[in-house]
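Structures incoming, each one as structure tokens.
Next come two complexes built around chain A: one with chain B, the other with chain C.
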Partner chain A sequence: MNYTKQIQDIAAKLFAEGKIDVFVGYRMNGFDDNQVPVLITDPQDVSKLVFTDKSVFNLVNYLKSDHTRRKRVGLVVKGCDSRSLNLMLTESQVKRQNLYIIGIACEGVVDDAGQKMQNCTECVVPDAVVFDELLGGTLSGSLTLTGSKPYQVNADVTALAAMPLTERAAYFEEVFENCIRCNACRHSCPLCYCAKCCIDQETATLYNGANTTSSAFHALMTWSLHLAGRCVDCRNCEKACPSHLPLHLLHKQNESVIYENFQEHLAGVIPEDRGAFYKYSLKDPDDFIM
Partner chain B sequence: MEAEVKDQLVSIEKPGLIAPPNWEPVIMGILCNWCSYAGSDLTGTSRIQYPPNIRIIRVPCSSRVDPWFLIKSLQTTADGVLVSGCHPGDCHYISGNYYARRRFLVTKKLLNFVGFHENRIQFSWVSAAEGPKFAKVVAKVTDDIKKLGPLHLYKKENFEKK
Partner chain C sequence: MNFSTFVTDKAGLHKFYEDIMASHETFAPVEKFGKFDFKKVTSLSECDPESPIAKTLSIKPLFFPRSAKVMKYVATSSGTDVSETDEDHLAGNRVILGVKHCDARSLQVLDKVYNWDYIDTDYQKRRENTVIVSTRCDKAETHCFCTSLDYDVENLDALDVVVVNGTEGKIYIKARTEKGETFISGMNIDNRLSKNEWRKADDKTAGEIKTQYESFAGSFRLKMDYKEVNEKLSKIFDTPEFENVSGNCISCNTCAFVCPTCHCFKISDEKVKDTGVRYKSYDSCNNGYFTLMAGGHNPRPVKYRRWRQRAMHKFVYYKERFGVNLCVGCGKCTISCPVNISIFEVVNQVSAASMQE
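Presenting the complex of A and B:
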């Protein structure tokens, strides 16, 4: 998967035609073969752009910044990124006419060790679902309830759910204990765009010592429940986490419960679909309520 | 003899921790204004006895209940949470409790996933005319949570600097 040439050509063309002010893409980080996101405003810098299977980050996150707000933006999206972009469009965070979207028919990205990322091996919507131009083939068939492939519950979630309650509690206590409350997960999430966040009520400060396991539990649980039905499993949060917490466990657990009980589409697959918590069915399970 | 049995009550999530003698659970009750809160009022005015362990908060509708409320209650004082609203179809705001129902299921499953016993988070539909049912629900929830022992997971006071 290497679209470097095509993306450079398209970006140069867009700048020449005056269609965009900013282009959001990837460049080499300069000291090893990993890549970092880059915002380009000068047409001469277009040659810096690259796209290979090391282009891991979700660039939709940069539509939240002041550098792109109210400007005409060109950006590159993979399958998962395009789903989060779809949700941002539905939730009126960005305007479609300001965007020029280069969609990628993604074959999966790799981590630092060269292994295919776990969410890419499980991915059910590899092709971009919203784009002006699609690189690497056309959409294969119509999208079903789960995208273009059958849905499977995450293997880590199944393994944990089978463990006894006390072991699971001990496992998650260790997870929350390792959280340093830097809020990188929230800042890296394209769908966390609130100006004021309710989890800041327990902000870690030098004075009150609120950087505790308890406050991490409060923050991560609230965060994941506010993203339930919207998380697109791009794993930007996990890539950003300095403590390498398995944050996907919380999101995938919510996703599997929503998929199994409400038979909803995966988040962001269908345009104008706001996610499972913005609608209801009279047939929703009721047996857990007295 | 009975007191000794009570001394042996352990927290189900952390079997190493034993409940103090004569321990009573604290239950956070979040009730919808139009049905369950009126129902609990009827229980009181009808002089029906129910356990005093429940601490009631009134909300405009069960869909006002953010999962955050449950997390905050479990993190601070509560050993269990009861959320109660109107029966399906009876919502004062037409469909609030249908939206709430979806959120409750996901919240309950996620809290169970990270290690809380499923009986610590309970939901019920109680209408304004169901005073006796409210008393039964509170009795059952209190009974369930007494069996589970005190909640020791992620309690704020356990982590605060002395």
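Presenting the complex of A and C:
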């Protein structure tokens, strides 16, 4: 998977035609094969752009940034990234007419060790679902809700569900104990765009900013519940976590519950889809209501 | 003052570590989820004092806890009663094993600010009670640049006891402070020497330690002249380059939380009805709420100004006030950064931009 040339050409054309103010893509970090996100405003820098299977970070995060606000932005999105972009559009965080989106028919990205990332091996929507131009793959135009591959419950979630309750509790206690409350997971998430997050409220003493196991528990659980039915499994949070916590467990658990109970709903796949918790359907289960 | 040096091998070193664990409260890197954090240990099997630098968090939390209870309070009809917390979070006598050279240096840097206008007695007490056994690395990691900064890695300008891996399986143990000397002599030296586990340093030892340093110093990818960076940065407060280099920062705070020298903190209360506990925990200058005042004014309302604060505090302000850089070149921030921003690259890019102007 290498779309470096195409992306450079498209970005150069967009700048030449005056269609964008800033282009968000990836560049090489200059010494090994890892990449750094880059915000380009000078058309001369277009030659720095690259796109390979090391282009891991979800760039939709930068639509929250001061550098892109109220500007016309060119942006590269993979399948999962495009789903989060879809949600940003549906939730009125960005205007579609301000964006020029280069979608990628993604073949999966790799981690630092060169292994294909777990979310990529399980990915059911690898092609970008919202784009002005799609690179790779064929223009399908008729996406089904579940994409091209059948949905599978995450392997780690399945393994965890098989554990006895006490063991599972001990495992998660360890996770929360190792959290250092830096909130990098929240900041790296493209969908955590609240101007003032509830876990930063001075009055919310549950979260209180102090690094205790209980505050980590409350902060992470609240965070994961706010992303239930919205998380697109891009794993920005896990990449950002300095303690390498398995944060995907929280999200994938929610995702599988929602998939099962809300008519096979997957976040952000269909444009204008308001998400599992925003719509009402007669088919929604009500057997848990007493 | 002359401090003693001993020569041993891996088995002798591990025996030394085991003996420390048996007789002292010991902290060492323990692996969890692929990252090493310093935790209390009782045997060598639980921990890895030779943990890789790229995967090890700093020892800062053992001196400046991620969350320290400052006090507790009860509001009564006649006023508020303030008391010490009943939990004594100050350390007793303890030893930290497997500390990296840069990490040990960070404490020397932090000592300056903690002994400045307000004397932080909690920090002082923890420092006094702790013996640090630090290791000089054999090879630099991708983002390391400790040899480019203002401390003497060659002469092992680090804390208490220093361990250096030599060639042919030799390991050198060297005291670097009086505290370290006292600590080593309290560890049954004569017994170790008579059993031939340890040997006294001979006239070749100094040369062998120097050879190790040379091969270590040769493995660095990153090299800079910190004096040049200090000088150039101090003159370019208003350069637009800060806006360029901070463009892809996502303000996630990770760098400050993992940094061994960052020491900004915030105060928060955990209260239930009329009683509460006050905590002191880490803050980060990348945070949008950093220096936000009660009236709503923030002197650093945008990202590049917060990034400028970060770079300038590390390489200009601290240097001007205390004579040392607030960066030890450990590369922890760069390793943890989700978008791979390197502080080395940032300060050098900004300094280079000042040359063009």
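Structural remarks
Convention: the second predicted complex is superposed on the first by the 270 of 290 C-alpha atoms of A that agree within 3 Å, B and C clash if a C-alpha of one lies under 4 Å from a C-alpha of the other, contacts with A are read in each partner's own complex, and residues count from 1 in each chain.
Simple rule for what comes next: contacts are C-beta pairs under 8 Å (C-beta built on N, C-alpha and C of every residue); 3 or more make two chains touch, one makes a residue touch a chain.
Every value quoted in this text rests on a predicted model; they were computed, and no experiment measured them.
Using the contact criterion defined above for the overlaid structures, shared-chain residue A:31 touches chain C, although it does not reach chain B. When the two structures are aligned on the shared chain, A:261 is found in touch with chain B, with no touch to chain C.
In the superposed model, A:212 lies in contact with both chain B and chain C.
Once the two complexes are overlaid on chain A, the chain A residues touched by chain B in the first and by chain C in the second are 209, 212, 215. By the touch criterion given at the top, residues 157, 160-161, 165-166, 168-173, 176, 198, 209, 212-215, 217-218, 221-222, 224-226, 228-229, 249-250, 253-254, 257-258, 261-262, 276-278, 280-282, 284-286, 288-290 of chain A touch chain B in their complex.
Those residues of chain C that touch chain A in the complex are listed here as 32-35, 37, 57, 66-67, 142, 221, 247-248, 250-254, 256-258, 266, 268-272, 279, 281-282, 284, 289, 302-303, 336, 338-342, 345. By the touch rule above, chain B contacts chain A in their complex via residues 12-15, 66-68, 71-72, 75, 88, 95, 98-99, 101-111, 113-117, 122-125, 137, 140, 153-156, 158-161.
Taken in their complex, chain A has these residues touching chain C: 29-32, 34-39, 57, 61-62, 65-67, 174-175, 178, 180-184, 187-188, 200, 202, 205, 208-212, 215, 236, 239-240, 242-246.
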